[in-house]
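I'd like to ask some things about the structure below.
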């Protein structure tokens, strides 16, 4: 049975408009609202609840849930499903995310829209399975081999797990690329109130299908029907007879493995289709920055103790503000550079030994002091611990 | 207003559900903000399990509790494990049959939740009895909101049983006497 | 419709223009497997707009590139998992996987096992040439004991992987193995496999004179083809001899590679069961999660 998105059925399955749910479950809601009709996954703490939620809900909205044999198979099936015409996603955590890296690159290279939720836990290796971390932020950006542009969200609330998963589908479709939702064990296993957006308020971006004459269609080049570097999508079975390969390919899709120019042209197009839009893609929240002398630059779960610490600081008269990255990649280069000119110090708290602090330093480019505020071991920073950074420790 | 609640017991006793019901009552059936987090022992059953809820009328930043205003314990192990940071201001509720050694030099409310549940014919609703009792003792959330949350959170065929468990628990909580 | 009589007409109808020459060496058996597959499709009269070919990495995995149809040339070993997703998204498509012995039984073994176990409606055509040909002749999991490869310079000491045996044990609906040296049974078998609902495996013993033959005194293609005749035995003959033959006869055949159709059953597959599950849930009209 081929899936068609049925808003009424989706509402019935999701239930009440206001609920108190897990962050992991909220990722399920976001996917289902977006019209996800295929989920391939493999159990892993702390992301298993996403698979469990999908197993419960997807067959009810007439989508397909499959527990695959491993994470490699999961992402492979997700990519295959996209070529079969589905919006598709998977969810995992560190070890599984590592296993997915090769096919993450395949999705990039073949311009396949799909969504990967990573409920981050500590690492390296098996680490602390039940405990949250933000140690895979660089992996989302650099984890697969070769050059690529990543798109990755970082939800700080359970509501954002819905909103960002849904938006991840939108960007995946818009740019024809895999999009990551970099949640973490803290948010994934937190329950909070969510409000399920009404159908009329949803802004869904749908895949641009190939429509032009089959003989004139060129599958891997700028769109032939719109002004865009993102080609129209020749869904399998629609008669376009497209050859899709992870090898360097020419515009027609055929291997061009020994041709420098073809490789450069292809990789520059699939990176610049995203980087050209970097300014449009900025998604940040700014709090108390107007008069700030110090700013937290933060994301995901860590933004929450940072906000608490900011409030403590404000009560003591410290001019502290906060910039939260909702979308970590592409990195909001200009926003950071502008902020650096306005404040004396930027503090970057992260549940890792310092990852996002690196692009922050790069784009601050000496305009202000940058302090890394790392914490590892599966516990969030306490507001107190971050407050100490405001007093200069 | 910001209150931090900790409910603990042994795994399988339903402390997560109890916390979930309280969090939902506050944030879905009333207008508070609430977050609920949890931690388990390594096993799904047995061991000490803990569910923590923060209820606030303001935005909740840091989502883990930094103290404990209300402490509910339904097993000795969890009581011993998780009471380290209780203060003289902490409201403590225990089931004295399950937490026999509860004399820590502080007054506690005693609610025989398991016994009440057994009286209703099923020990499994001990947690809901405790939710009822806590609702009365904490006087933090409205009776109706918590009851609605209970009914919204349990399978339909067990609604009547859970409703009764909540009501009996609330009554027991109202009448509970604070003592050493 | 024009009736196809010759291989040339067949190629003209089914292959992409402008993709010649192929990457295959002289004497390679992969093209033969393609030819058998196309004959089978021709006889079935399939609409090529509704056929998708998926493949992994290796010489045989290059086949979809030559066929004028949708093709997904994926990562090493993963084609079956990708194909599972394609089929899930659009059950109307006929999904065929070309894979090699290394791709399928080595790096992709786990995906193969689970797709067979789930009885996913796919047709897997595994070209077994005992060697990693594309990378220059390393030993593969199906290589016979004693065979020489760049990574088995003193002869292979590992027991070969019987991919048909495992598919049969997992309950795949259709399992067959044929050498490419005789056309009729393979074409018939491919037809059966393609039509079969559920998981079908067709293993082809196909020569690789360049990477395997040369190192194993079988560089001459005629010798390789003869090797298949000398070292294979029909499953029916094998069983007859093992049941009724004398010790000498049994000894003679016991190490031969069995060929033929090993399994041909009707068992419901994953998507049929999933469809039933969906229907049941629609009838129950149950709501989503409670907590």
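Order as written gives the chain letters A, B and C; numbering starts at 1 within each chain.
Operating definition for what follows: a contact is a pair of C-beta atoms (placed from the backbone, for glycine too) under 8 Å apart; a residue touches a chain by one contact, two chains touch by 3 or more.
The structure presented is a predicted model; accordingly, all values stated were derived computationally and were not measured.
Student: Please find which chain has its CA centre nearest to the centre of all protein CA atoms in view.
Tutor: A
Student: Applying the document's contact definition, name the chain pair with more C-beta pairs in contact, A-B or A-C.
Tutor: Pair with the higher count of C-beta contacts: A-C.
Student: Could you put a whole-Å number on the gap between the CA centroids of subunit B and subunit C?
Tutor: Centre-to-centre distance between subunit B and subunit C: 60 Å.
Student: Determine the centre-to-centre distance between subunit A and subunit C, using the mean Cα coordinates as centres, and give it in whole Å.
Tutor: Comparing mean C-alpha positions, subunit C is 37 Å from subunit A.
Student: List, in ascending order, every residue of subunit B touching at least 2 other chains.
Tutor: 20
Student: Return the residues of subunit C touching two or more other chains; collapse runs of consecutive numbers into ranges.
Tutor: 291, in rising order.
Student: Which of the residues in subunit A come into contact with subunit B in the complex?
Tutor: Where subunit A meets subunit B, its residues are 18-20, 130, 186, 189-193, 301, 304-308, 311, 380, 382-383.
Student: In the complex formed with subunit A, which residues of subunit B make contact?
Tutor: 20, 23-24, 27-28, 33-40, 59-64, 66
Student: Going by the contact rule at the top, pick out the subunit C residues touching subunit A in the complex.
Tutor: It comes out as residues 16, 19, 48-50, 52, 54, 64-65, 68-75, 78, 81-93, 110-111, 113-114, 270, 274-275, 277-278, 281-282, 285-289, 291.
Student: Flag every residue of subunit A that touches subunit C in the complex, lowest number first.
Tutor: 1-3, 12-15, 21, 25, 37-38, 40, 53, 56-57, 59-60, 62, 64, 66, 68-70, 72-74, 76-86, 88, 102-103, 106, 234, 236-247, 254-255
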